[in-house]
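For clarity, chains are labelled A, B, C and D in written order, and residue numbers in each chain start from 1.
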Amino acid sequence: MKRVIVSSEPISAEVALAGLSDLGGGAVSSFTGISRDDGGVTAIELEHYCGMTEASLLRLIDEAFARWALLGAAIVHRVGRVAVGEQVVVVGAASRHRADALEATAFLIDRLKTDAPFWKKEHYSDGTSVWVDAKATDNDRSARWT
Amino acid sequence: MKRVIVSSEPISAEVALAGLSDLGGGAVSSFTGISRDDGGVTAIELEHYCGMTEASLLRLIDEAFARWALLGAAIVHRVGRVAVGEQVVVVGAASRHRADALEATAFLIDRLKTDAPFWKKEHYSDGTSVWVDAKATDNDRSARWT
Amino acid sequence: MRLVYFAAVREAIGIAFEDLDLPTHLRTIEDAIDWLAAQSSGHALAFQDKARLRFALDQEMVPADSALGDAGELAIFPPVTGG
Amino acid sequence: MRLVYFAAVREAIGIAFEDLDLPTHLRTIEDAIDWLAAQSSGHALAFQDKARLRFALDQEMVPADSALGDAGELAIFPPVTGG
């Protein structure tokens, strides 16, 4: 099972991960990213490269399947305006044994941060907004998997 | 938020992880262990050390809080007879940044496997049953965190 | 002292726990295991492979060479297999 | 060739994409960036810090010294920040 969804509507971890528990494996691991109220942020806005986005997420899943013994994996990513407290991304993986699911989950979110064409803008309560800078720590974490 | 539940009734990841998304953090990570249909297994039976169990799980959570910047963590473990396909354990962690939640989740499940007083018996379709042996790989994974 | 048994150890001995007055010359858990093994064939069977035994004193996991001290409860069990 | 812009690059240039006939002597993405930067003050602003630009040719991320070849779409954008 491979699931990639790019959604402009609110997403839910339950729906994103549905079915991963029913693949006969003993392990399901997941990560959920949530929009944070950082220093007056009221919402974020996610732009993406329509067309390339889905392909790049599916490629991450294919790569995870090549590296670990997976039964299923899912990436669901929100785009457009996202209120503080809402889910931005859910990744999940299912496997027979836990090491595969745990590592694949970390791989998927780490590589998504540096390889998938999304850009995040923060909107503040005073009406201003600013594009978020990429973080050096994200590059470091992603590079662990190469 | 620290949640420890030892339940003889079916558990659910949704309920186990409820609230972790609402702690103001940007990251929630989880792992779910599911009873597998391994070579004719029809059910497993989980014995535990009532009294010590909850304390040992809470200690794992306390240790995770000491090692990572966590906003919340949960461990929910099933005991008694568990049918194939049902959830045996759910662990989860919430943090501001994803590395903390991801690593704490792996820590909690790895250390639970070697430190928490649960014993698993497999029941087979031919009526026989056998206590599961501890795995050397579990000791290796647990030792990574010491 | 209360002795508590789990899993295959419990099944071999046939009881989940028992309250025994251990001889005062027993200093460590290992000493207690050797003494207990002589109490019945079930105990002998349960404790025959000492390398596969694990222990908790007053609900804290401890190694086999730990002193019994004034602990009230000694649990004896195979390596744990939860999760 | 279709040029596609995202995030701060798109905002600086003021458009999401444009179809341009690039001079045939431009060989790499870097060559194209230098040429594009001379097309308007918006392009110049968007491309002034070349170290902060990332690229995709026909929707594949590639480094700045990649040859344009016969690609139909060049996307130019800041480092990605999803997740």
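Please note the rule applied: a residue touches a chain if its C-beta (ideal position, glycine included) is under 8 Å from a C-beta of that chain, and two chains touch if they have at least 3 such contacts.
If you're wondering where the values come from, they're calculated on a predicted model, not measured in any experiment.
Among the remaining chains, not one touches chain B and also chain C. With centres taken as mean Cα positions, chain C sits 48 Å from chain A. For this pair, chain C with chain D, the centres built from the Cα atoms lie 71 Å apart. Mean C-alpha position of chain A lies 23 Å from that of chain B. Shown for chain B are the residues in touch with two or more other chains, namely 33, 98, 109. Shown for chain C are the residues in touch with two or more other chains, namely 83.
Going by the touch rule set out above, the chain pairs that meet are A-B, A-D, B-C. Those residues of chain A that touch chain D in the shared complex are 33, 46-49, 51-52, 55-56, 77, 88-89, 109, 112-121, 131-134. Contacts from chain D toward chain A in the complex involve residues 4, 6-8, 10, 56, 59, 61, 75, 77-83. The part of chain B that touches chain A in the complex is made up of residues 13-14, 21-22, 24-37, 85, 87, 96, 98-99, 101-102, 105-106, 109, 137, 141.
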